[in-house]
Every structure is written in C-alpha cells, then in structure tokens.
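I have a structure I would like to understand better, so I am pasting it below and will then ask my questions one at a time.
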Amino acid sequence: MMNERDDEHLRDACGVMGVQRHPEAARLCYLGLYALQHRGQESGGIVASDGQKLVRHVEMGLVADIFDKAALEPLKGSLAIGHVRYSTAGGSSLSNAQPLLATTTHGTLAVAHNGNLTNALTLRRQLEASGSIFQTTADSEVLLHLVARSTAPTLREAIVKALRQVEGAYSLVFCTKKELIAARDPYGVRPLALGRLGKAIVVASETCAFDLIGAKYVREVKPGELLYANGGGVKSFPFAQSPRQAHCSFENIYFSRPDGLIFGKSVYMVRKELGRQLAREAPAKADLVIAVPDSANVAAVGYAEESGIPYGLGLIRSHYIGRTFIEPKQSIRDFGARIKYNAVPEALREKRIVLVDDSIVRGTTSRKLVRMLRRAGVRAIHMRISSPPIVGSCYYGIDTPTKKELIAATHSVDQISGYLGVDSLAYLSVKGLLKACGGDQQRFCVGCFTDQYPIPLMDFAKKDVRPVC
Amino acid sequence: MMNERDDEHLRDACGVMGVQRHPEAARLCYLGLYALQHRGQESGGIVASDGQKLVRHVEMGLVADIFDKAALEPLKGSLAIGHVRYSTAGGSSLSNAQPLLATTTHGTLAVAHNGNLTNALTLRRQLEASGSIFQTTADSEVLLHLVARSTAPTLREAIVKALRQVEGAYSLVFCTKKELIAARDPYGVRPLALGRLGKAIVVASETCAFDLIGAKYVREVKPGELLYANGGGVKSFPFAQSPRQAHCSFENIYFSRPDGLIFGKSVYMVRKELGRQLAREAPAKADLVIAVPDSANVAAVGYAEESGIPYGLGLIRSHYIGRTFIEPKQSIRDFGARIKYNAVPEALREKRIVLVDDSIVRGTTSRKLVRMLRRAGVRAIHMRISSPPIVGSCYYGIDTPTKKELIAATHSVDQISGYLGVDSLAYLSVKGLLKACGGDQQRFCVGCFTDQYPIPLMDFAKKDVRPVC
Amino acid sequence: MMNERDDEHLRDACGVMGVQRHPEAARLCYLGLYALQHRGQESGGIVASDGQKLVRHVEMGLVADIFDKAALEPLKGSLAIGHVRYSTAGGSSLSNAQPLLATTTHGTLAVAHNGNLTNALTLRRQLEASGSIFQTTADSEVLLHLVARSTAPTLREAIVKALRQVEGAYSLVFCTKKELIAARDPYGVRPLALGRLGKAIVVASETCAFDLIGAKYVREVKPGELLYANGGGVKSFPFAQSPRQAHCSFENIYFSRPDGLIFGKSVYMVRKELGRQLAREAPAKADLVIAVPDSANVAAVGYAEESGIPYGLGLIRSHYIGRTFIEPKQSIRDFGARIKYNAVPEALREKRIVLVDDSIVRGTTSRKLVRMLRRAGVRAIHMRISSPPIVGSCYYGIDTPTKKELIAATHSVDQISGYLGVDSLAYLSVKGLLKACGGDQQRFCVGCFTDQYPIPLMDFAKKDVRPVC
Amino acid sequence: MMNERDDEHLRDACGVMGVQRHPEAARLCYLGLYALQHRGQESGGIVASDGQKLVRHVEMGLVADIFDKAALEPLKGSLAIGHVRYSTAGGSSLSNAQPLLATTTHGTLAVAHNGNLTNALTLRRQLEASGSIFQTTADSEVLLHLVARSTAPTLREAIVKALRQVEGAYSLVFCTKKELIAARDPYGVRPLALGRLGKAIVVASETCAFDLIGAKYVREVKPGELLYANGGGVKSFPFAQSPRQAHCSFENIYFSRPDGLIFGKSVYMVRKELGRQLAREAPAKADLVIAVPDSANVAAVGYAEESGIPYGLGLIRSHYIGRTFIEPKQSIRDFGARIKYNAVPEALREKRIVLVDDSIVRGTTSRKLVRMLRRAGVRAIHMRISSPPIVGSCYYGIDTPTKKELIAATHSVDQISGYLGVDSLAYLSVKGLLKACGGDQQRFCVGCFTDQYPIPLMDFAKKDVRPVC
C-alpha cells in the first residue's frame, strides 16, 4: 500500500481562513479552504457564528468531501473561520482537527492556527499542574487555556496576554459570537493576508483564497499585529515588537500557490527568479528543460528562459490527491513514482535534459524518477534544485522528517548525485535563494538550510522532543 | 452547486482493461483502471476469475476510492477484466456499471465495453419480444443476450456470431472462468492495445495502463480482430472485413493521455504536431503562448515551438477530479472557471497572449476564462483551437451534447469570437487535423467536425434517439 | 461471535405485501412489511408505480432501518408491492432480495414471492439452454422468465401460463405500471389475505399488516386463485384445481403472529388450543407453567388454563432482533441462551415447573435454557412442546436444517430428554396438532413431522439438492 | 414520523459498568452494557486501560450496533468502564456521550455517571470563571474539573474531595491506568452493585449485567461509600454520612429489569407485590387481567394472583427498540400505539378486563391503547396503575417531562379516567408503594409522586432550570 504522502516534499502544516460580515460566511470559508487545500489535506473544519452561538464542523478528509450541502447547512451566520490541516503520524486524529472551540469565562471562542509554538509543552505542563484539562494534543489548545485563565477585562486583551506568553510561529484566526480576530507572530513566519469583499472582511493564509471568492487583497497582517473586527470595521493592535523578521523561505520555494502573493510579493515571480538564479549558478549543456510537475513548473520555465534551452514536457503527472494506493505483492519497480508520474519517451529519447525540482527531501522518489527517465531513453540528466540542500528540521509549522532521514543532512552533493544516478546535480545557494526572494537573513528564515534558527527552539532544544503540529 | 462536468470538453465514455495469467490479476486491473481514470470517472468495476467462479465488484466513483483492500480481497485468481465509465445524465446508475456479468448456456461470461452500438435498440426490442429479460439500459447488454441465444458450439463462435450482428464502435474485453477474449470493431474506432508482463497477457484502452504496471506494449488489437486467450497463449481470429478505418480523431486531440500510443502512434507527438500545424495555419502576433491546462499543454508547446513565441504559465489549475462544489447563493462571477483555474497576473499583465485550447464545446467556460485573463491584465488574447469546430454529435462512444448545445453547430467562428470576447479566434482545419494525425478520411473518423459519419447510424438515424452509453 | 440465527427455531422465508389505489401506497407497504418483519429479517424491498414507471428499493437489513424518508421519497404512486426475506446461508445477498423487477415483452413487471418452487431448477436449466439470462439465484426469477417467454396475448394470461408450469408453494404478489396481481398455489401452503382500506385494495401474508394500517380483512386469497386488480376493482380467476389443501401447520405453531388470522382462523385461538391439547395429552405435576418467551407464551397460557397450574414469568427475554454479538474468547457458559434469556430466581426457586416451548429444532439452546433454570433453583422441569417432533426438512418455503441436524430425526424422545437434562419431555401428537388446527391431513401439511410430503418434491427428490429460498 | 420516544414512560438516564482484573475487560463491559441497554438507548461507550494508556470508544446508538469486532479490538487491557445513556432533547449529542476522559495533574481519568448533580451549574460557573474549559454540557464533567483542580496528594483523595463538593444523585465508576473506583451518593438514589467473576471485580447498575457474564453478586456499593481497587483487591472508603436514604422507587416500578436485585431486593418480587397491593387497594370485577406488555407483565401477574382473575394475553408488542417510524401523511388513527401494540380480538371480545400498566406519564398512548382494545371488542376496561400519579419532575437522573405535560399534575383521577375512556381507573397509593418496596419515606424517594424532594434541589430550585442529564 502506498499513498500520496511520499518522500519527495515537505508538507505544510495548515491553512486558515476567516470571513466576517457576509451572509454566507461559511460557504465563502469553505471555498477559501478549497483554494488552500494544498496547505493541509488531512482534515478540514469550519466554525460559524450567527451572532447567538458558534457551530463547528470538522472532519478528516478533503474540503470538497467534507462540506456538502448538509454539512454547510447548520453553519449559519455572517461570521466564520476555517482550517485545513496536515499532521504528523502520531497526531493524526479528528480530535486534533481545527478550528478548536471552547467556552471560557470570556465567552465562546474558536481558533484556527497555522504555525507551531515552541514552548507549548512547557505551558501545557504548567496549566495541567494547576487544574486545566486538555482535550487535544495540539499545541494550539494552549492558547485557549491561556485566554480562559486570563483575568484581563476583555477578550481582546486576554488574547494579547496569551500571545505574549507563547513563543514560535503563528498565523491565527479567532472567532467569537460577533468578533473576528487575526494575529501573526512578531517574526511573521507564516503568511496571513487581509482582504475585502464588498463590506465583508476576509483573512486567509494565501491570496488565492481571495481570488476564488472574488475578494480583493488589501495587505498582509503585519508581524506582531492583532486585527480586531467586531462587525463595524477592522482595528489594528500591534502587540509585540519584531526584533527581526523570519518569513519562511520554503513558502516561496514550494508551499504557496504560484498564483498568489505572500510576504507582499508574487510567488510566481519569485519562483521564476529562483529558476533564473539557478540557471546562472548552475548552467548545463542540454537540449531540453523539464520540470518535475507541477511544483517545479515555474522554476523550470525560469531556468529555460535564463539558459535559452527550450522548455518541454517530458513527465505526465496523475492527480490522486488524498488517495491511497494498493500495491501488488509482487511489487512493481519504482511503483511510488509510477503511480504519480509517467515519462513521455517520444519527448525525451536521446535528449540531454535539465531536470528541475524544487527540493530533495529523502531522495527516494527522485531516484525512481531518474530511473524512469533513463528507461524512456534520455541521454543525460542534469538535475537542478531550486533551493539549497535541506539539512535541518523545521520547528515553525512544517512537517519535516528527522535529520537522519534528510539525505542532504548526511550526504554530500556528490554522494547524492551518485545515489540519484544523474549526470550532474546542483542546488541553489542560500545566497541565491535570498536574492531571489528579495531579502536577507534578517527577513527570511532559512533554518532548514543552515540549521540555525531565528526563533528560540525552547521545548525543542531538548533532545527527542519533536513538534506535533 | 456545480461540479466537474462542465461544458468545456466532451467526455469519453469508457476505458477497458484485461489481465490473464498473473497471480494478482485483479490488482493489476485496478492499477490499469487507475491509469485509465480519465476515460471515465463515474463508475468502475472489476470481474475476476479464479478458474472456478467469477466475482464482480462495481461501484460509482473513482477507482482509488472504490478499490481498497477489502474490495480487492475477494477478487482472487489469475484472470480479471475491468472498466471505467462515464454516462449520460439519464443512464448514470450503478445498475449500468460494467463489467456486466451473466450466466448463459455457454457458461458465465463478463464483458467490458468501450464504444457505442448503433443498432442496440433494434436488437433489444427483438430480443425482448422473444422473451429475453434485460437488467440494464446499457447497449452492451445486448451482446450478452446474443451470446446466450446463440446455438454456436463454442463460446468463441457464439461471440463471433454476436459481433457480426451488432453495428457501431466497440473495443471489448470478455472473461469467462478461464478465457480472456478481446475484440475490436472492423472500423477500429476506439483504441485497444495488447501487452505482455512476463507470461501474463494484458489488454487496455491505452498503453499508459501498461506503463504503470511495467507491462510491455506488443501491438494494437486489429480492427475486426478477436483475440482469444485460454491460458496457453493468444490466438487471433479475424471475424470481419474492414471496409475502411475510422479511428476517432478526438482520441488524439483530447481523450487519450499524451504519455501513450494509440492507433500505433505517440499521442504526444501527434498532439504537438496539432499545435505546430495550428501555428502554421493561424499565426498570431503575441508575447506569450499559454495553454488551458492541462489538456492543451502539449499543443501549446507545439504552437510555441513552431511560432517561436515563448511558452509560459499563466493559468494555474486545481485538481478536483470527481468532486462537486457548492456555490454561494450570492453567486460568484465566473465561478465555474474560478473553481478550476486561476490566472497569474504577474505572468500576464500587459502581455499579448496566444491562448491554446484543444476544443470548444459550448463555449461558456472559455468565455469565463477569457474574462479571468482580462482581469489579470492581458492586452490581447488570440485564441487558437487545436481541432476544427465541433458541429455534430458523436454516435460511437463519446458523450456529446445535442447539436443545438454545440456552439459551433449554430454559430460562425466570428460569432464565437465575439461571444468569447477574444481579439482573434482560429480553429485547426480538418485537413490540418488529418495531416497531423498522419492519415486521411479513410483512416480517421472526423464525424463530429463534418457531420458525416463513417458507420451507419442505424437507430440514431431516427430523430430523437440519443445514444445512451 | 454469535448472532440471532440460533438453533432454536425454524425460520420462515418471506412475507409479502401489496397496496393499490392508495395515494401513499409505498408508505403503507413499508408499514405492512414492518408488521411482517418476523417473517424475514435479512432483506426488505418495495417496488412502487406511479402509473408511468416502476421504482425499486431493496436493501439488506430490517424494514425500519431500510426505509427512511429518503428511501421512501422516490417510491411514488398509488400502487406498490413489498417483500421481507430470510435466506439460507449461501443465498444471502442483495442480488436475491425481492421484489424482483424485469422488463418483458408484456411490460415491466415486479414480483414478491413467499414459498418455494420445487421444479425451479429444472425450469431454469431449460430456460438458460434456450438463451435466457438469470440475474439471481432465487427460484422466483423463473416466474419472470416464464412470463417473458410467454406468447399469451395479455400479461394476466401469461402469468397464468407461468403458474401452471411451476410446482411447489407460492403466495405471490405482482405489480405492473397499473395492475396489482396476487396468486396462491393450489395447495394453499403459505397464507395470503385480501383486505380493504377505503377504496384501496391490500394483500398481505398476515392480517397483522392490515391492523397496523387500519385496513379491514376481507378474505383469504383462495388456493389456485389469481386476483387481478387494474385500478377498477378486483377480479378473481381460478387457474388450477386444488386436489387437496396443504396449509403449513407450522404457521400456526410458530411463524405467524398470534394477533392475526391465517387460513381463516385466529392464530391466537389455535395456538392456545395447542397448549390445551398438549396439557391433555401430556399432563405434569407442577407448581408453575412458564413459557419460553415470547413465541410459546400463548401455548403456555393454554396449558396453564387446561391444567389449572398457575401461569408465571420465569424467563426474561432480551430483544436483539437482527443483531450479532461478540463473545469473549474465554467463552461464557451457555452464552447463546444468556444473551437472549435470563431466569428470575425468585420466581423459580424450589418450584416444579412446566416449561412450554413451541418446537425443538437442534436442541442446543433448549439445553442451555434448562441449565439456566437449574442454576436459578428449580426443583423439576417438565418440558412440553406444542408441536410434534420435527423429523424432516421443509421444501415449501421454510429454512430448515438438514435432516441430520434435526435432533428428533435421529434421536428418540427419551434420548432428547436425557440430552436436555429435563425431568420429563413430551411433544404434542400429530393428531393433536391437526385437531387443534381444526383440520386433517387433507387440509394441513405436516410433512416436517411425518417426512411425507403432499406436493411432489421434483428437483428435491434428487439427493443433495436443497431448497434455496 | 414517530419514534420510540413516546409519551408512555419516563426514561432512565444512564447505566454504568466497570470490570477490573479480567483479560477481556472491554468485552465483558460491552456485554454488561448490553444487559443494561434498557437504561439508556441513545449512546454507549467504553474506556479501557491496558495499564499504559486509556482508549475510548463512544458512539450514538445501541450497544450491539456500536461495538463490533473492529470497535472492541483497540479496547485492550484488563480494566474497563462503560456507560449507556439517554439524554434530553437538547443535550443529545456525541460530545456528551460517556465515559468522559480527561488528562489531569492526577493522571488520565475516565468517568461514567448515572444520576444527576443538582449543583453542577453553580460549580461550572465557578470553574469557568477561574479558567476551566468545558468540553461538554454534561453535569458529570464538573467532577473531572474538580479532580483536576484538587491539590490532594492522591487521586483517591482528590475524588473524595470532589464528591464532597457535589450535590445530588450519583452512581459513579472511574478508571485510571490501573485503578477502578466506584462511588455512590450518600442517599443511594441510583443502584450500584458489586460483583466478582473469578479474580475479576465488576460493578454495574443492575445485577442482570452480572448474570450475562456469569459474575456473582457480592453486595451493593453503599450510600456514601467509595470502593477503590488498584488491582490487588477492593478497599472501602466511606466518604460521607447518609442523613437518610432515598432509593428511587421508580427503579422498582419500571426502570430496572425484573430479573435482578436492586437496593438488595428482587425487582421481580417487589414488582409482583406492587400488583398484589394494587389488587387489594383497587379490586375490579373482570374476566381477565392483561398487562401493557412487557413492562407491566409482572405487576399484572401479581394482580391476577391476588385477585383470582385469570391472567391472559390480549396485547402483542412489537420490539422496535431504538427505531424511528415514518407515518403516512394521511395519518393512521392511533398510529403511535399501533406501531408498538396490537390487540388480539379473539382473546378480548366481550370480556371485562383489568388493564394493568406501571405508570401514566402524559396519557396519550394509554388513550390510544384503550381505543384499540375497544375496537377489539372488550366490554369493560378497568385500568390499574402499579404506581401513584406522577405529579412532579425528577431531579435525580430521570428524564421527566415538564410538570405541565404530566397529566396527573394537572388533572384529577376522574378527569384522567374520562380522558382515557376507561370504565374505571385507579392508581396505587404512595403508602402501598412504599409497603411493597419494603421501606418508608426515609428509605425511598417518592418525589415525583409527592413533589417533595429528599435532596436539596440547588440549581433547580430556580425557575426554568431543567436538568440536562
């Protein structure tokens, strides 16, 4: 049995969405989550408020499967927040699915979280010791308890106090009976955008969610900013100084959809520039540039443009999102790659190709792809990766394998090249990455490429504690 | 509510698969059907034989959802056939799902059919009048009754007699307890390929099914040929003269996957040639060639190569195969296009583009796409279609709207251009199509482009009788 | 794992229901089937006609689970027939569930059957040899093919011709677009009653179905009679002479509900008389008469009345209709009895009891019950059975174990008494049974008590052919 | 649509079960819950511990439907507790289903509760005000938070402290990784019994749960007693003085199964004595005593014995436990009674009957039953109720309608008699009830018959606060 959780890519942990002042808030939320589906394919959920009570629907599975008419019907009202989620192997269960919902002394409150808190375990132990009961293993639940314990006079202030207690990466959307609240950690690790649809206010992890519902992009939620909307407009409350910024560079490399803006820039343009920069840093003599579809398509187009080598289609991808496949017992060679990709021999035979991919995690799928291309008759394969080697885990909301599973953490580029069976292999440099992103190490997090992390690791500094998103 | 059955493409009716002499016949069948999923997304089914009895599992839905371990477990044995299916609105039900299975005086027999019989209704009326009871509304069931009624001494001969009674298009796979039988109509309308995997024999609508399971392509099943395999090898029985051939040209234009061979040629190469020929027939002054993804990607690459205009990515496609979407009551403008596509403004702004699509059926989605591109800031849109205008229905196994729904059947190219809102519109010529396919009107069916049909329409010659696939 | 298909009782094969000229025909049918649920708990189904087309819904399971609002909604029209069904182990599948539905040259026709045809296999072989395709393994399907093959000018005549070809036991309800037809075999083995509800005509296996919907009992459908109702009233067509009658005596002993009439008499009165007769034939010295609840309640009351020994409650029964239970691996002694019954020690301690049951099939549950009563402290158990020893299988529609599983077929009453561990055991005599039923061997079938069968066994005369209901 | 939640009976809120030191603890728990199914038919659940972790499975529905092999498989270990539950209309949801499970500073803890806390709302408000987050609306969750907040050095002491803070009725079973704890309120309102099965310790609401699994009854858990079992035996900790006792008299009248012991006595014997006492207090001239089956069977036998009038069967009951029925739009007269009962005219015609029922709540079903008996031809109906008129709600764990829905709260016996249409009506006196139960007002709660309540109503003393069990 094999499923789509293969080894070739890191997986983002979550996407969030919020809508206020729209008569069909939950339906827009649902469509927004569909647009954000690539950010999390294990569970989805919406909490909606009609001003009187909050109704919650969460399920394992894909957004379009979870939310049919019957599921959306009870989600009435003009205010809603939603969430899509991946999870690590251990934490994959419905009880951890978001938005989380709780009744506190500050009223009923729901929260959807993208990111990862680095001191959640410590806070949880403290809260449990003084009598709090946790219902999930999600780090996000700590936030609800901190709010519940707060003696601040208003919910908004209680949330601010809670945010000041947590460390790590968070793009958050809260909803109460009448209020929509969005907040982003002082480092701005994960994206979070503000938009408008007529009178309605919308927030979403990526702007593609706005495009689908016809909303207009206004601006990013700023690092260290809390946006508070109680039905009569949006107010901004900066709640923390930002010592520096640490936008996740992997959002540009792979996670975010190319048809949107994050960190204020077009993903498409950045990604194409990654390809161009790669062509400059690591040229190759070849007849054809092909991408590992679809995630490397834009970088490959950039590489082709910069290098002058024609862009072509040599790999066909099947779209089997969220599905699991049963493999015969007499196993099929390279099945994991075949189920997803097929080569087009007529396009490849006797060609020298540049094969562009966005990243290499374990390398096993790449190796199978290389064999598939060899069987299709290519003459030479020059593999080019539009990001630097991944040498460290992410502690800020991305599901990364342990260090020893990361091929680049334990092998040289030469060794990897030999393992993959390519004629040459080159990665983009960290410097080139930052340049293409349009920033420097004070603006972007490149922790997984350098093993140096901009935000204190707290609980994770101890050995053997892995983030459970 | 809107689902993926939009108006932009014709839908193929079916795909078939057969495996013999392999200990995991049903599992290979299932993988083959997954590779053929694009040929039919409404239902899937497998019949397997362990030499003693035939076991059948059919369900509505996608192959990967239908066949989990529990569903595959009872499908034991070394012989299996499978089927994926679309259907017209009226005939969409589980009872019509294939393979069909029946016990006849010649033994238990299962059949999977791709194509459409043009005299099925007439034959059915005759059979009912003499006491046959039909269980489905599928034309394919007629074949089973003809076999059941046959007094021929062997099953093979009974099938041959049945095939000589039916008219129309058929690529068929039969299985009994021990025999695998494949047959193709004398015109060779739909593809059907023969392959080998070690000792095992495989047949499939397209060779991509072979690639996934590691089987080798041997040759096409010939028009008018019946292949008979009883476990000890394959024998060929030509059962009818082919007055001419009538390979479906739409298989090359849109249906078949580009990573395979049909009618003995590479779909990729033919499709790229369609784009090249289109560039020759209908050049345009533009800065960028973009495809309506993914079906027009190859033709767009061909157009770009021939024209010298750079190929780019301007539309991002969501893959929501087989899913239905709920639209807000306050409907979203161009929702039908947005749910599937999003434009990348940064790639398109101020550009003059050639927009390549493979066909236009009703034109409504194309119109929405054009508006989406305009909103993204393109300066000019030159739409180029890699097939001629569709002016007639298909009677040989493709689900076509009625003539009055086909925009090109009732409007000139100029009128369509105005409706779509493009700066220019051009279709490939029939002659150009045949040239790119590498044949002439004696080899390919171009009925839907010319309203002239190579095989007698029989029942459909009467008014108001529409094919029910 | 153990389920309710225990060994203590024979199981009836089916119940049928029909309604015509009522705006909610399907809903009444559904309620009638609920009242007939005891006649078959494996599957249920309804076919309804709105005058234009027949719609069918069948499912495995209990009537109240199968038919919710969504399931009933499409069953429109003023005409409907229904069916509940048991089945033997091998034949338990949805494809055999009734009513069966087929399109024939005489139009679309549905049929629901209670009984068993003794020459179905022979007829099936003949029909298959001349080209008929069967979809089920149910004997009832033969009837549809005989009708489809008939060249009779009308459907009614075609049915009559078909009925004259089959042998065995049948109470049948047919429906077409506009006609309701009921028929009963010439021996009148299974019950079938005619009723009225205002203008509406109803037929049902038992009159309790009439009581629930408020219909009035009119009369039995006569042996060898076909009732034909085309919307304008009911016409009677005798189609066969009745050489003798063969009402199933087990309907009185166990199957039919006590709150109805069958074969024209009150089941309650007959069953009480069975108890009285038993008391006369086999008196006992005891302090208390208790029944094995609920099926023996009435006979026990009769025994108590006739004997003058007080009737009491000593066994409590759980109602777990249609459910399966998981037994611990460390198995619980007499679990099969405990899951269904519990003794009331306070009612039984130190008492000498008459334990009345309606029949003994394999004896294993009875044995467990006896042990349970011993543990509860009874001093003596005089077991009395309100039917004769079962020594032969039923071939007319009841699911009986094979002869060697029937304890009375291979053991004397003394041996059974020893096996059960009772102080005394007595069965009702065949003569006493017939007397209580109010008839003789020319009116009632007592085949399972005498191994002499009133209707030719045909196919079953051959060894190893068992009825598949 | 009508379902089994008719008006004729009060509904018990819950049943609990616990097993320790048995290798198949969860399976025994499941069987025990099946035996207790009558105490709660809306949801069921089990928490099991293998010594390392607690696993929980709860679902809406009946025990036999919830727990199949797959559901039981993960419930490993030698310790388990279980719960079946009714709920009021508003509170019927899976999130309230028990056992509840929480991780506290005292470790992971599960609890199953039968009863109702009268100060839960007050406690909840206090806990929420100081930062606790509640996940359910169940009163039982308060207990978990009190334990979590407790600074007592051991879990056992923390539970004792929590129990001293709550008021009302509770029979509780807790489990941790290794400990089984049972406790009962100082009034002993709900039953709770201790048993043994070899080395294993079992506790259950009623002893019928012991009978099914072959366990032996040891004694009741005493009012105000906590039993603590950590794997090495059971220790008793009295935690509160009992000012008086308040055993629920309705357990004897209706709720508990007759085949068990509660409050140390046989339910069967008490219930028969209720019938005898009723016969003494309210004799009638009649030919036949019949019960409303099955709940009044024992009382009717008692009435018959005492009065000398023969006991008979005049009403047949269908067992449609937990099912919902769809009624035709042209509604059937007295449908609510017909779906459950049918009269046997032959047993009733021209008879004067004593109709024994255990209680009358709203009276609507009784009225329908009376009409059904009239239609069956009875000459006179003397209705006798084996409990006093219900004039007040229960606040200790029984789901009662509001006072204005209770027919006896607003009508005299004469008025009720007229409404029901009986020839005479009599209830048992409170004195007679207590006498039959073998106690007095210092031992039994008769609050619902007198509107005087033995335990302070606390939150419910305020108007408009209704218990949510």
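Note that the chains are named A, B, C and D in the order they appear, and that numbering of residues resets to 1 at the start of each chain.
The rule we apply is simple: contacts are C-beta pairs under 8 Å (C-beta built on N, C-alpha and C of every residue); 3 or more make two chains touch, one makes a residue touch a chain.
Just so it is clear, the model here is predicted, and its values are computed rather than measured.
Trainee: Using C-alpha centroids, which chain lies at the maximum separation from subunit C?
Mentor: A
Trainee: Quick one: report the Å distance separating subunit A from subunit C, using the average Cα coordinate of each chain.
Mentor: That pair's centroid distance is 62 Å.
Trainee: Could you tell me the distance, in whole angstrom, between the mean C-alpha positions of subunit B and subunit C?
Mentor: 51
Trainee: Between subunit C and subunit D, what is the gap in Å from one C-alpha centre to the other?
Mentor: Roughly 36 Å, centre to centre.
Trainee: Return the residues of subunit D touching two or more other chains; collapse runs of consecutive numbers into ranges.
Mentor: Answer for subunit D, listing residues that touch two or more other chains: there are none.
Trainee: According to the definition already given, which pairs of chains are in contact?
Mentor: Here the touching chain pairs work out to A-B, A-D, B-C, C-D.
Trainee: For subunit A, which residues count as touching subunit B in their complex?
Mentor: Per the stated touch rule, the residues are 1, 23-24, 27-28, 30-31, 34-35, 37, 62, 64-65, 67-69, 72, 208, 211-214, 257-259, 266, 268-269, 297-298, 301, 305, 310-313, 316, 318-321, 323-330, 332-333, 338-339, 342-347.
Trainee: Which of the residues in subunit D come into contact with subunit A in the complex?
Mentor: 102-105, 128-135, 144-145, 148-150
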